[in-house]
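Shared chain: chain A. Partners: chain B in the first complex, chain C in the second.
Moving on, here comes the complex of A and B:
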């Protein structure tokens, strides 16, 4: 009988201690992913504490929700289950899917209360952010922290290879050339690679889209969530270039390299260059022991990079009181002071233009030229890949590119397969929209 | 010849054990090595001094480990406690009782093993919210109170026990419940212990479901807590702190294994029939 006793007691403890959670009118929750290093979670908790102290009428709970993809999953699940979070820091390109699924409402009425039109509101943010924040003229997301892919390079490695650190590669031809010179071999062993890029989910799709854009492409239809251009020459060219770096020039390691392994290799001098988010700037700055610099992502035809990072969204289904409180939090988090402080802490650029007029930010920018490169590249930034079923559609591409990086498929075959999968994933939306014709 | 075969088997097992131990050895070494994200000997398995506990200090202060331990123990313990009751009773029913559609129901039970857990996230969350259990530890436990694997395991275990024991108990006037808990369960201990190991390890390590079903920081479990300060998608990681944090998460299970190793092993070979 002992077992039964233990079981009963265990169950009683379980039932008794943790049943029910109190809910007050202005209790709101903020779902946040940790896209960069973990210290951010503590900083986010600290910020929320400051907000709560300044706003006694609102009580925000910061809820850690994993990666961007996990956060999306949890938010979808919570909305469908009838318990939408008040505010979510959502990967900027996922917003369109929430619009398509009718899970968020335009922020226009809240913006109008402040006496602004949607256009005037968005004018406070860098123009490149509009694409992902708005849909059909309505504002759905408020940019919170944003990034672009950036080329990081080691000054010492450049000098040792006879390259000029003041003139980083600007074109793919110069890039390949620099990577060849930076690659150091010791017999059959490569002691330093020319270049490394993260090959894991989320990152790889983002960087590949950046290469396709620098190759003159659009990568996806920015005006319609049911089309991607994986088999167009601009994307094929980008994937062929990656294939060449790995399998012809042998300046990039074969296979899929994790983002953490890329930074670690860079810190240890095992790669001369890497492509990473501007959101990693603070982490690289804190951990790189030898001098490094940053440069624009090199171009084949045009300078272009996709926007990354996250926007704040308010899902549908929240009570008016919660929505009101959520809006107060959103405005506070995107105010120039807070956005600027968060930018300096993380490395992301602050989406709010006015953040850069503050004295603290001016001092910071003059002290850190690497952060300025990220800001300058914004002039060439474009909206980020956003479609129906966006994660699946992105993974279809990433599976293809990973197969190419591992030498298991040709770029053409891999992209044809990726396009086929992506089309199938977007089909339900396409059937309901572009292919739904009057009978 | 036989000695040779034995030696070969031992060598193969040793190689397997060595391979299995590498990540643990690296974790232990890296957690003690100071130097942050870019240490030159990062990949080295060989311990090289000086060592200090800075990584552990940082990991410990980055999170709320006491709370996370407490939640995780409650979670695993609560699930296991209820499971022991449900799988014993259900296992007995499938092993001994005759009722119409028994095989059909049992097959339906086993089919549940084929479902990929993530597709159940939304329906399970709906249920939790309608029961008012969203964001509670009990809510995290609830879907696991019944275990198809456990029922299967207990059914198989009960079937290996000769009916003579039960018949003797019936002659002595025991009720069905007494037979299950006094006679069969003690004999089925190996099955129960094997299941307990699987269950506790699985729920100790689980990440996605606790992340989905809870929101309040006070309900966080070890895996989610660890991820909240070590996982980063867009940047590098502090390997030393990750190793230290992972060590803290895995330590209780490792300690449990070392302490009860003999019971674990004997539980698999234990048999009620002499």
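Moving on, here comes the complex of A and C:
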């Protein structure tokens, strides 16, 4: 009796599977991170639902995978387990590491099917995004949402401090001066800081590299994944400037402040300025009660910012059917309409140039001058930080800068230590590439 | 024969999912892999591990963390258990209150505490400001961050350990206590000469559990600080996680795992032995 029962269930399951297979859509998964504050996960789920409705032959499952660093980790784990995700929204600068580790496929054949060369394909995106998306002429990532570090400032605080909100600081000298004027002290307590920056992992490395670039530096070798320039004068100068803001001018709080603490302080009027991603524009717009504006990241020598944000990648090891479906999803997500809508929802700028020709986007840009500043700053943007062992190499720098911000080390000593650690982390790659010589 | 057969399924799973991974980690700790290079076998991973200042820092942090969490949480748990052992309505309510953090997952608690610890605008600073204390960067100052992590661990675990002590106290025979009363022993004397010695096995057990927790719980570190600022809150398990998943250095991660587990096993053994020597077993 029991045997019969088991057999019936078995048959039912078998039949169910068979019936399912007959009409099955191609199942693919999309790994997506939420790197900035805001309701991004809800919107991504909604977008995927729209895609699934429009494409009955494909069934996309959106998988929330945490921060950029977590997403990288989970993607790696999935690849190692032999179950690579079909599409990942990957921090744009991690793409090189997947190329180095041979875990990602060039998108050239898929692009060729659409009748384009890799060059023609990338011409549809803003020039600053091409460096992180390509490697040696091949396309590996399709830019999805991108950002640059932006200076946000409170109009009320500027007026109260006797500063002109129409002329935000453009140089480091003006920046320090404005921060000093904005800082309000009450005895030993600071009731309003001049400036705050997020000092937590990922954000801090990004902003420090922006300062080093504004100081004329390159920060890393854009053409080779085994070199970073932490002890060069351009980086040392940037870290010294941070040290000065905290320990000499006392216009920025000591220690590490996370992004939530920075935005909370900005909304409560406890800091006059903050540096944050353009990706947080909508979050700030929705939560800031008093008027605020945005400006370029101030320069010491040149206007320059690193590109942040993410590209869509298709890891190796997916079946042709999955790859095909993945490519359909990638093209849909990066189409001007969807990319434009996502940009308006988040604050990230849309990587597709054509997105800005759409009427909805034109209206939006004229209504939101803060988003216009972010787009204008793109002219000065560069690719960012792509090396072997990129997270560890970046954390080495961040640990050093955190030590400086906390008053535990001098900029020179901290950067020397950071360089040493970064070199050790990149050594296996360097030994097999630049230092591997014919014998 | 039947017993062997009945045990077989669990034995298979134990072998496949517990012992085999342990063997793999030990083997992995001797494998030195480079980028696209051949694998060498030897003690290189261990040499690199002991030369790594981050490992030393993690070890030191973990020692501080263990001392800072075990002593107060076990002490407080004992205190609460003794104070709240009576079955009055008030102590029942207080017992529930103390045990409440036990119900909150560590990740959720950590996410809440991130907001409580917000410098300036957070709940903690807000109340401290009323007392005239200047605001602190609880999680962002390297000299405070580990202390903050310790504080939430104590808050989280004390109630749990209290439950063990309550159970232990219920096992203290009333006739011994009554005999002591008749002999004229006062409350502190009864506590130190009767209750505490008879609680010996419970204290030993709770200490070992607390020690294990100090090594195996890093959820709050991942949520609150990611080991920062500047390595101030990197615990051993977080160090292993960083090496394995951020730096893809499985050799170093395996070596660190072997060393940590060996130390943990040795410590557990020593603490159990020491405590057992002082235990008065009833027979």
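Throughout what follows, the second predicted complex is superposed on the first by the 413 of 439 C-alpha atoms of A that agree within 3 Å, B and C clash if a C-alpha of one lies under 4 Å from a C-alpha of the other, contacts with A are read in each partner's own complex, and residues count from 1 in each chain.
Everything below uses one rule, namely that a residue touches a chain if its C-beta (ideal position, glycine included) is under 8 Å from a C-beta of that chain, and two chains touch if they have at least 3 such contacts.
Everything numeric here is computed off the predicted structure, so don't read it as measured data.
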Partner chain(s) touched by A:279 [first = chain B, second = chain C, both, neither]: first
Touching A:429 in the superposition: chain B (first), chain C (second), both, neither? second
Per the contact definition in the header, classify A:264: touching chain B only (first), chain C only (second), both, or neither. both
Which partner does A:254 contact after superposing on A: first (chain B), second (chain C), both, neither? second
Counting only touches as set out at the top, which of chain B and chain C does A:365 meet: first, second, both, neither? neither
Looking at chain A, does chain B or chain C touch a larger number of its residues? B
Taking the superposition as given, does A:399 touch the first partner, chain B, the second, chain C, both, or neither? second
Let me test your reading of the model: by the given contact rule, A:73 touches which partner, first (chain B), second (chain C), both or neither? both
Is A:301 touching the first partner chain B, the second partner chain C, both, or neither of them? neither
Once the shared chain is lined up, is A:321 touching chain B (first), chain C (second), both, or neither of them? neither
Which chain A residues lie in the overlap of the chain B contact set and the chain C contact set? 73, 76-77, 260, 264, 268
Which residues, counting only chain C, touch chain A once they are in their complex? 34-37, 114-115, 118-121, 134-135, 137, 139-143, 226, 228-231, 242, 245-248
What part of chain A is in contact with chain B in the complex they form? 1, 3-4, 6-11, 13-15, 17-21, 29, 33-42, 45, 61-68, 70, 73-74, 76-78, 80-83, 85, 147, 202-203, 259-260, 262-264, 267-268, 276-277, 279-280, 283-284, 287-289, 308, 347
Residues of chain B defined as touching chain A within the complex: 36-38, 40, 42, 62, 74, 77-78, 80-82, 84-85, 118, 121-122, 125-126, 128-129, 132-138, 141, 181-182, 185, 207-208, 211-212, 215-217, 219-220, 224, 227-239, 241
Sites on chain A touched by chain C in the complex: 69, 73, 76-77, 188-189, 199-201, 253-258, 260-261, 264-265, 268, 270, 388-389, 391-392, 395, 398-400, 402-403, 405-406, 408, 425, 428-429, 431-432
